[in-house]
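Got a structure here, written out as structure tokens. Questions coming.
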Amino acid sequence: MKESFVTSLTPEEPVHTTFLIQSKERKIARNGNPYLDLELRDATGVIRAKLWDCDRHVQEFDVDDVVRVVGEVEDFQGTPQIRVRKISRCTPEEIDLGDYFPRSSRDPEEMYAALLGRVRELPPGPVGTLLLAVLEDPAIAERFKLAPAAMSYHHAYLGGLVEHVLSLVELADQVCGHYASLRNDLVVAGLVLHDLGKIEELSYTRGFRYTTRGKLVGHISIGLEIVRGKMRQIADFPADLGVQIEHIILSHHGQLEFGSPKEPMFPEALVVHYLDDLDSKLASMRAQYAADKDRPGEWTSRNPALKRELLKPPID
Amino acid sequence: MKESFVTSLTPEEPVHTTFLIQSKERKIARNGNPYLDLELRDATGVIRAKLWDCDRHVQEFDVDDVVRVVGEVEDFQGTPQIRVRKISRCTPEEIDLGDYFPRSSRDPEEMYAALLGRVRELPPGPVGTLLLAVLEDPAIAERFKLAPAAMSYHHAYLGGLVEHVLSLVELADQVCGHYASLRNDLVVAGLVLHDLGKIEELSYTRGFRYTTRGKLVGHISIGLEIVRGKMRQIADFPADLGVQIEHIILSHHGQLEFGSPKEPMFPEALVVHYLDDLDSKLASMRAQYAADKDRPGEWTSRNPALKRELLKPPID
Amino acid sequence: MKESFVTSLTPEEPVHTTFLIQSKERKIARNGNPYLDLELRDATGVIRAKLWDCDRHVQEFDVDDVVRVVGEVEDFQGTPQIRVRKISRCTPEEIDLGDYFPRSSRDPEEMYAALLGRVRELPPGPVGTLLLAVLEDPAIAERFKLAPAAMSYHHAYLGGLVEHVLSLVELADQVCGHYASLRNDLVVAGLVLHDLGKIEELSYTRGFRYTTRGKLVGHISIGLEIVRGKMRQIADFPADLGVQIEHIILSHHGQLEFGSPKEPMFPEALVVHYLDDLDSKLASMRAQYAADKDRPGEWTSRNPALKRELLKPPID
Amino acid sequence: MKESFVTSLTPEEPVHTTFLIQSKERKIARNGNPYLDLELRDATGVIRAKLWDCDRHVQEFDVDDVVRVVGEVEDFQGTPQIRVRKISRCTPEEIDLGDYFPRSSRDPEEMYAALLGRVRELPPGPVGTLLLAVLEDPAIAERFKLAPAAMSYHHAYLGGLVEHVLSLVELADQVCGHYASLRNDLVVAGLVLHDLGKIEELSYTRGFRYTTRGKLVGHISIGLEIVRGKMRQIADFPADLGVQIEHIILSHHGQLEFGSPKEPMFPEALVVHYLDDLDSKLASMRAQYAADKDRPGEWTSRNPALKRELLKPPID
Amino acid sequence: MKESFVTSLTPEEPVHTTFLIQSKERKIARNGNPYLDLELRDATGVIRAKLWDCDRHVQEFDVDDVVRVVGEVEDFQGTPQIRVRKISRCTPEEIDLGDYFPRSSRDPEEMYAALLGRVRELPPGPVGTLLLAVLEDPAIAERFKLAPAAMSYHHAYLGGLVEHVLSLVELADQVCGHYASLRNDLVVAGLVLHDLGKIEELSYTRGFRYTTRGKLVGHISIGLEIVRGKMRQIADFPADLGVQIEHIILSHHGQLEFGSPKEPMFPEALVVHYLDDLDSKLASMRAQYAADKDRPGEWTSRNPALKRELLKPPID
Amino acid sequence: MKESFVTSLTPEEPVHTTFLIQSKERKIARNGNPYLDLELRDATGVIRAKLWDCDRHVQEFDVDDVVRVVGEVEDFQGTPQIRVRKISRCTPEEIDLGDYFPRSSRDPEEMYAALLGRVRELPPGPVGTLLLAVLEDPAIAERFKLAPAAMSYHHAYLGGLVEHVLSLVELADQVCGHYASLRNDLVVAGLVLHDLGKIEELSYTRGFRYTTRGKLVGHISIGLEIVRGKMRQIADFPADLGVQIEHIILSHHGQLEFGSPKEPMFPEALVVHYLDDLDSKLASMRAQYAADKDRPGEWTSRNPALKRELLKPPID
């Protein structure tokens, strides 16, 4: 159990807890002495730290390692930072990743169970079989529960992917109720699978970043490959249905310039695109409101996803 | 009661029914005789007609008039057309506009009543007061029930506007149930009012076309003026709320290049834009499927709104 | 009368004058003491200031207040700043807004009188009646004389709006003389009214910023509402003319992507757009030349409105 | 003197006059006989013509030749066309080009004289010397007076270039009077020279079309070369001034995507671009109004340059 | 062996040969009799045909069938067409597809052999193994030799794909010789595989058209799937190399708006994109020159791929 | 011979060598003393320097001068800078420009000789005559060997232009071998001349920057003028050929929005554009890899020309 968190540190107090190393750079001070300039993160934020007389320490830990730090908090030009006295790498058993990254406010296990529950209610048939083959694959499930939905734009926290998908599936059931001609199972399939490739596009076990394959291939093509693999293992998966699911995944960004090589060509693909886009933008707005909660005035700062400032909601 | 319709006319048969004059042009035949080249429309389609020895008739009717026609159907290069023998303008009492234009498959009165019913369920307060001031204004109500939602893109038939708005309001209730922080009444207000200006932007009592003010000013600015007028008549209408409703109307096209002078800056405005866009595009797809019902193959022709061909739904 | 101005302050000298509070933030120094970090502005520029032992003072003034400051100028890392010893809010009577904001080099009253003079020379008729109803409205007149024409792009100073409009009207008379078929009164009306909404879009009585309504609705729609209000009060204002004036206001940015929901559809609207654009860009160039007067070399820095560097004019 | 014109021909009447051959194609009729299908033009319009038993005639005239035609007018499916009986090529002395192309309503010689007069009033110096070197060059003068200002967009008739330039120079004098800091002579130079390359970009002595060099190099680069040649012949032409004139020519389309390799970087270049664009678009509107004079309703057809329909001016 | 071809048919002659049915429509003539309006194609072009008294024939053949036709050529309004007397479907054994479609001027078998030869010269290793696994797969080889490289833009004929790829591989060897740091085998792999999906995106055994999967998924994603399948079957195919090959295929259109979901991120991917684009555009120019060989003048008609007219090469 | 270079300076060591003054600014320190804040550059990099008690020195040297510096290296907040003790301007004879700017790793004289050699192998005729007239012009040759190919995007070092052009000509010979219909001499001419204007667009004898004419006119139009001048001096230079060479120069950026006023309209112009673009982008990638050689990880930083990060090549 992590002893204390970045947001609770106060100047002139000793520190004795663990952090993830976000960045590490060796520098030379004006007096000619070398030091390590570190950024330490946990789920609540990032704090800068200095380790003097560093040359003994450099090799012992690296970026993305979790370390135990002993030192004290100082004020540096109005900003707190840590003067490190002792630092040592933690063992894997000591680490609970959720202590070092923001995470969904809801329990990923519960959300995943709810998603599975919804999928199991689908009428018997190839769509349900495919979705269960994906969601019950333990290697997929483990990553699906952990993954964020995006690097920074929306749901950018552990558990964000499953939170986003579950929200979408619940929303879709209502939208399909409203538009009776929509094939509900196809919409659900599209939503469950549309961002599946994110589990490999992003690296989120030690710092959020794109994997090399993620940058070169992208989550749309990665997800498509996983889904096709599952389809091949299902006897007599209908070819037409398979192509339609492929199309929904490929077209879910809606336009070529947003990275979809195809644009939605039937109603279910269109609905998946719109709901995904709406849910992502609303989540981005919510995150902006939370971040600018204490900012004075009626407006947030500029939301980078929407490229505009937002009018704050009225205070109740 | 109109005796027969364009789609039921057959060559070599006499015609005795009414049509709306869609176009009228005086031409000279090869033999030097003048004739009138007409397009006659009713709710089921358009048919070409020729009136020989026309110079007696020219002044008696004009484009957008409803006329009674006596003649017979001929085949002209594989296409049927009418040889007109007698033609005379109908009196207003004889005319049921729905005979000459496509109309919603649902009864506009019922849809309008449903919309009013929903608005009356809003919690007491300025939003409900404003919406009722608009919807219960008899001059607005009459036009709102008649207006199409667009010239050709979607819901392009009499009653299309109220059908579109009612669909949106019902959908919005579900979406607002899903995203608890949305202000339901503000979303409903935005949806009821977003296209209000269409009642003056379009002319639909005698042919679908843009009015001159519609082309010069546009439905967004026209609608805004109507809504502001109603707000002024409500004592103490809250200024903040008024501005937010103005913004939703102004921003509902989502982007500057689609004619919105502002982009959505808070969640309710974003939701109005997305739902409007989704409902319009799904309606456009439905209309395309209906139009291409008998076209062979798996694909529709190119949908002009989406600028792509559509994959047809599977045949049950 | 303000005693001294930002550009005349010199290090190591005492300060005893008034400023407008542009920003105010409470910070903690390295020694643990709190201080206020201030930006103080007047018509000649902005200077940073520090107020130590601040916790007595925080509540007594706020951003956009005018305050009397006693202290001295210090050099901080090559930049002068004020160490504040005493600070107190001025009473409204003490304040001449022109001391705190850049202002037109011409007298707004004179310019407004010239504009009114020109409008009174219009031939009798609804255009002149409308323009006088607007310009002689005392609440409008007061703001019209004060308002800048833009936040930063051009004429971004008190009196900028009337200076811009007067320049346009004088220019238009010559252009209309050249193109005889242009309706001069309609062009004059378009130019007088095109930016009228700026009087409410911008806040300029205490710091230049957008109002909340300005950001959500924009000066085009705000101006349109004011103008329609005046039209309604004129008996028998011709409907056609009214729609054309509405169109000129709506289309004066020339293109959808610049925030005009309509593009100019007749010559007078086109002329208003071109003259407005030309006058604005020339003013932006003049301001750039003034700002870079002492910059060495043949080129200015990058002009943000034109997104390019400008060749300086030859030195006489 | 041409005997009669296209717009005055009436069916069942003999024809005996001259035309320019706009197109010529040999075809085979259903009865197996060959015929020539011709388009004949003069300044008032184009008429189709048929020449039977054509194989004797094919070699005797070609596209862009002026021919004398004897025949009669027939009605072909409601459109008049000429049945040719005799056809023979005219000699150059017989031809007045103005009979075959639309031409300015003003006399090119007078307009050119007015332009020269204005240039001669420039203060003595290199700008005036350069402009006279260009305008008094007989080879340039002859073509400048004849050339249209554009293929179809605006001033698309003989004498259109000098009409456009003269209008601009007169307008510029007023604009430079309004903005005192503008260098009037530089603006005049830019306007006189900006489209100079059109005299070689377009072919207009026998049909309006682009020359091959016009398509490959364009009027901007062609004009630049002519102007540089004249500058080289003037002793001590100031280098700075020369570069600025080059820049005005290069940048007069205002944006890269309109074919200007540079965007205006000083006020005189900006003014040349704006006035050129405004004068062109107003001329395009005037031409549209003239073309749609008899079209019923308040709107013109779509103006191809502005890509929109235009509201017609009120009828006096 | 097909007896005669479209381009050699002459009016008033009997016809006795085979064609592919490109379109078929039942129409009613003015006299009330039904007829079939047909388009018949072979490798040299398309000719219209009419079959009277058609109701016996309608069911016996369909679009994309090859039929034997007996009739004669007539002239219809200057264009030849066939009056069909007898028509019957050919058996598969009678059909040589190359008779009905344009085909490469080079022998696909030879080109494929040359391509295989080049691949076999690659140094031993996973790249060569992968390429041979693809090219020696009989199902792939058969289609690869037949497929066009595009629907209409370039190499739009049978054998076009292998012609395009072979040209690229030969060109790439020279380019890689010039830029020594390029990994030649990776460039060759990218070029051989970049358009592999075209073998399923296009249907070319009976008329050129997109397959439904081709429209919904696209050749990039289809090709990627085939390549991944082959990689999975190669023991220890290096993961890094696999991802790089995936990236080259995904990015070969160069930009998102051209349908590549990723842009080239290393030199070999960039080279594949540039060479593919250059070879395609040069082929499109060559085809344009061939098509406009007999068109008079220095210019071709507008090339649809380049969206411009082309200057013809000088005549030797 | 320069004694030492920026990259070899170490803190606490004396400095005694020459630098080029990249920037110079007089500032006031906190203690009220003035000092000069300098940036000093040589071929290996840039170092900051301070000169105290500066008011004696200010007038003696200026930006772009080469100066001899005596002082010592200090560490300032982790970055080395020079405390200047003595500084004096060098005489022109002392200066070898190559000591102060990055330069090609190949000898410009050798590269220019190779280029000349290739041109001399062209078949006798006007193309060879023109190219030799250009390349053997001593004033051109001197600048061509020195010029960089671009300010920063690619080959941004002394000798970069000739390196780029030589690479292109060698590559073109291979490409023309592959596409037999290309006119090799025209491609070579286009490549040799396409960037000729860079010798005047850029200033590179004292700091890399654009000349005023370079910014106002651009290298395309400057180069065109030089080439036309040479053509005029060649008796009977074929007009068609001249226009084609002009077109290749004008169109070599490929698209209007990249500053080409014409787009390539025949194959040789297309090839020049593609090869130029490819060689430039590959050179930009190589420079990025060199700059990020020591950066950890698989990815470079963002390449500004390609606007993306690059995957590093595998380490051998």
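A, B, C, D, E and F are the chain letters, set down in written order, and residue numbers restart from 1 in every chain.
Going forward, a contact is a pair of C-beta atoms (placed from the backbone, for glycine too) under 8 Å apart; a residue touches a chain by one contact, two chains touch by 3 or more.
Please read all numbers here as calculations on a predicted model, not as lab measurements.
By the document's definition of touch, common neighbours of subunit C and subunit E comprise A, B, D, F. Within the contact network of the assembly, the step distance from subunit B to subunit F comes to 2.
Listed candidates were D-E, A-B or C-D; the one reproducing the A-F interface, defined as more than half of contact pairs identical by residue number, is D-E. Homomeric contact subunit D/subunit E: same residue numbering on both sides for under half of the interface positions. The interface holding more C-beta pairs in contact, when A-C is weighed against A-B, is A-B. The greatest centre-to-centre distance from subunit D, using averaged C-alpha positions, is reached by A. Taking each chain's centre as the mean of its C-alpha atoms, subunit A lies 62 Å from subunit D. Separating the CA-averaged centres of subunit B and subunit C is a span of 44 Å. In subunit E, the residues that touch at least two other chains are 212, 215-216, 244, 247, 265, 309, 311. Counting only pairs that meet the touch rule, the chains in contact are A-B, A-C, A-E, A-F, B-C, B-D, B-E, C-D, C-F, D-E, D-F, E-F. Note for the complex: subunit E touches subunit D at residues 11-12, 75-78, 298-299, 309, 311. Chain contact summary for the complex, subunit D toward subunit C: residues 167, 170-171, 174-175, 177-179, 181, 183, 240, 244, 247, 263, 265-267, 270-271, 274, 277-278, 281-282, 285-286, 306, 308-314.
In the complex of the two chains, the subunit E residues touching subunit B come out as 27-30, 32, 212, 215-216. Subunit D makes touch with subunit F in their complex at residues 212-213, 215-218, 220-221, 224-225, 228, 243-244, 246-247, 250, 256-262, 265.
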